[in-house]
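Okay, here's the structure, questions in a sec.
Letters A, B, C, D, E and F name the chains as they come in the text, with residue numbers starting at 1 for each one.
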Amino acid sequence: MFGVTVRDHMMIAHSLRGEVFGPAQRLHGATYVVDATFRRAALDADGIVVDIGRAAEQLHAVLAGLTYRNLDEEAKLADINTSTERLAQVVADRLAARVHAGALGDTARELDGLVVTLHESHIAWASYERPL
Amino acid sequence: MFGVTVRDHMMIAHSLRGEVFGPAQRLHGATYVVDATFRRAALDADGIVVDIGRAAEQLHAVLAGLTYRNLDEEAKLADINTSTERLAQVVADRLAARVHAGALGDTARELDGLVVTLHESHIAWASYERPL
Amino acid sequence: MFGVTVRDHMMIAHSLRGEVFGPAQRLHGATYVVDATFRRAALDADGIVVDIGRAAEQLHAVLAGLTYRNLDEEAKLADINTSTERLAQVVADRLAARVHAGALGDTARELDGLVVTLHESHIAWASYERPL
Amino acid sequence: MFGVTVRDHMMIAHSLRGEVFGPAQRLHGATYVVDATFRRAALDADGIVVDIGRAAEQLHAVLAGLTYRNLDEEAKLADINTSTERLAQVVADRLAARVHAGALGDTARELDGLVVTLHESHIAWASYERPL
Amino acid sequence: MFGVTVRDHMMIAHSLRGEVFGPAQRLHGATYVVDATFRRAALDADGIVVDIGRAAEQLHAVLAGLTYRNLDEEAKLADINTSTERLAQVVADRLAARVHAGALGDTARELDGLVVTLHESHIAWASYERPL
Amino acid sequence: MFGVTVRDHMMIAHSLRGEVFGPAQRLHGATYVVDATFRRAALDADGIVVDIGRAAEQLHAVLAGLTYRNLDEEAKLADINTSTERLAQVVADRLAARVHAGALGDTARELDGLVVTLHESHIAWASYERPL
C-alpha cells in the first residue's frame, strides 16, 4: 500500500458543548496543522499516488472554507461539537467529495482511502480514516 | 476509524541483557517521548474519542510509575529486557488496565484499540498496538 | 552564556485590528506553542540556570491566565493588537515579573535575560527577547 | 503488533517525466528523510523486534546506494519515474531483500512487514508498506 | 528585540567544487527547508514586526527563483560554491533587496536585521544573519 | 555571521545532587539530542563555515565519550552536577579543544564561536554558547 501526505493548517475560534470539555466550553481557538494522507494499492501510470501539487491545492481549498472563522457561527457545523476528531472527519469528508468530483484527476478515483490528522498542539492530535 | 493521541515523556536509567545490545548492556538511560493513541470506530455522544484532558492525565499517571527511576531495580520489570518496544507494551498494557477500570469514563470502554509509541531519540522509536 | 528553555502552549480566540491583517480581522483563533528561554552568564551553586520544574510551572501559570479565552474580551489586552509578536512580549513581561517577585527562587534574580517564542503554526512563529 | 523505526536520509538529483509534474520535469533535487519501520507480531527471545543498531546500518547501506547521485543516470532506475512514493518502494524492496538474506539476523526473518516513509519537505511525504 | 519567522522550502540539484566535499562533488540535490526571521527593536503602529502574509509571499518569491533548478547552471551562482551556508546568504541578500525596495511595506524599512536558516536534513542546517 | 549546525545524540544514566532536583536526585537517565553550531563571520576559501562531515564526526567522537554510560561513575565529571546546561558546557568545551587541536582543519581555527544545545525532552532543552 502506498500513501502520500500533504500538510497545511487552519486557525479557528470555537467553543465546545458539554461538561466533559471543562474550560474548553469557553470561546477559545486553535491552530490545526492538518495532514491529509491519500492511500492507494498501486501507483498510476505516472508512478504516483496522486499529484502532490494538486493534493496540496485541494487540501488548501478545503481549509480555506474553515480558517479565520469562528466555527460556532458556521451554519454547516451547527449540529456538531467541533472537537478535533470531528473536525478531522469534516475535513476528510470534504476532501473525499472533491476526489469523487474529479478535482484530483481521473486516476485519483482509484484511491483506496484517506486519513486526515489534525494537530492541535505539540502534545495532542486526532485523526479520522475513511475509504474512498 | 478515529484516533486521539496525547504526548508525554519519561526519563529512566536501565541496562539491557544480551550480546545483541552491545554498549547498551552497560547502565545508561533514555528519555522516552511517549505518544498514546486511542482508537475508536465511532465517536461518543459528546463527539469525541476520549476526553483529551483525562487521556493525558492517565498517560501521565502511568509514566509517573516509571520516570526518574532505574528500571533495573523495578521488581515488576525484573523478568524482561526493557527494550523500547517492550516498554511500549508495558505502557500500553498499564493504560489499557486503566481504561478497563473506568479511568477514562464509561464511554471509553467502547474504545477499539490503543497504540503506544516511545521515541528514544530523533532517529529511533518503537511502538506497540493492541485491541482494547 | 547559558540558556534553559521550557515549552508549553495556549489555545485562544482573538481578532486583529487593521487592514494589514486581512482575513485575520475576523474572529478566529490559534494554538500558540510557547518556548521560554532563561539566559544567564554563569550557573548557580547547584549548577543550573534555573530549576526546570519551577520554570515550567511559572510558564504554565502565565499561560493559564490566557488560554481557553477570547482575548478580545480581556480587559488587560484591550489597548493592543494581540499579534503573535505582541503576545510574545506579554508572556515575557509577565514571566519577568514573576522572576523579579522571586517565583523562581532567589538565585534566579541573577538571570540575564529571557526570550519567549510563540509558534502559531508549522510555518510561522514570533519571539521577543528582553533583559531581566 | 510491534514496530521499530529508524531514520536516516539521502540527498539526490533527479527529474520526473510527465506533464503532471510541471516544474519538477526539470532537473532538480531533494533531501529525503527516510523512516524504515519493521513490524512484528511478537518480540524475539531478546525482547526486541530487530536490533536497532543493525537496522540502522542496513538502512544506511541501502541509502548509500542512492545518495549523492543523479538518479536520472542510475541504470537500475531507468525504467521508472523516481517519484517520492516510488522511491519509498525501491528503498523498501532493497531493505526487504537484505532482511531475507539474513542481514538483520536469523530472527529478523520472522518480521511481518516493513513501512518506508520518505519525507521530501516539511509539508509532503510518501510511504510504501509491504509484507516481509 | 522582536522577531518574526516564516518557513518555506526549495528543491534543487547542484554539485560542490573542492576535495573537502567528498561525494558531494557529484551532482546530487537537496530539499532546503528555509526559515527567514525578520528582527526589529520595536513594533510598528499595527503592533507587528512585519506582515506575516507578505513576509511569506516575499520568501516564496525568492525561493521561486531557485527551486526546481540545477544550481550548477544558474548564471548568477556561477562564481560560488552553493554550500548550504552560502545559499543562506544568497536567500538573505535577495530578501534584503526586496525589503529595501519596499516589498514588505514602508514600515518594514525599519527592520534591524534578518536571519535565514536552511535545513538540509534532520541532522544539519546552516544560517546567515545580517543587518537590514 | 554564518552558522552551521550538526545534530547527534547520547543516552546516559545519572543522578543530580541537591534538593532543588526533587525526584531527579534518584538514578534515572536521559536521551540528549545534541545540536552543535559553529559560528564564523566569513566563509573560508571553499565557501563554508566548516566541513559538515567533519563537524559531525567530531561531535560524534565527543558524544562517544559520554553515551551508554552512568555519568555518576565518570571520574572527569565527579566534581559537577551533570545538569543539562552543565553537560552542554562539557560537550562545547570538548568540541572546542578538538577545534583548537586542528580536528576540523586549519581554517576552522578561524571559527568565532560555538553553541551546544542539549534537548532532554520535547518540552525542555538547554544550551551553552562560547567563543572559540
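To be clear about the criterion, a contact is a pair of C-beta atoms (placed from the backbone, for glycine too) under 8 Å apart; a residue touches a chain by one contact, two chains touch by 3 or more.
The structure displayed is predicted, hence computed values, not measured ones.
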Q) Which contact partners do subunit A and subunit F have in common? A) B, C
Q.
Validating interface symmetry: for the copies subunit A and subunit B, is the fraction of residue numbers used by both over half? Same or different.
A. different
Q) Among the chain pairs A-C, A-B or C-E, which one reproduces the interface of D-E, with more than half of its contact pairs identical by residue number? A) A-C
Q) If you average the Cα atoms per chain, which one ends up farthest from subunit A? A) F
(Q) From the mean C-alpha coordinate of subunit B to that of subunit D, what's the distance rounded to whole Å? (A) 27
Q: Using mean C-alpha positions as chain centres, tell me how far subunit B is from subunit C in Å, no decimals.
A: 31
(Q) Quick check: what residues of subunit B touch more than one other chain, meaning two or more? (A) 7, 122-123
Q: Quick one: which bits of subunit B touch subunit A in the complex? Just the residue numbers, please.
A: 1-8, 43, 46-49, 51-53, 56, 105
(Q) Could you list, by residue number, the parts of subunit B that touch subunit F in their complex? (A) 7, 9, 11-14, 23-24, 26-33, 67-70, 120-123
Q: Note which residues of subunit C are touching subunit E in the complex, please.
A: 18, 20-22, 80-81, 83-86, 88-89, 122-129
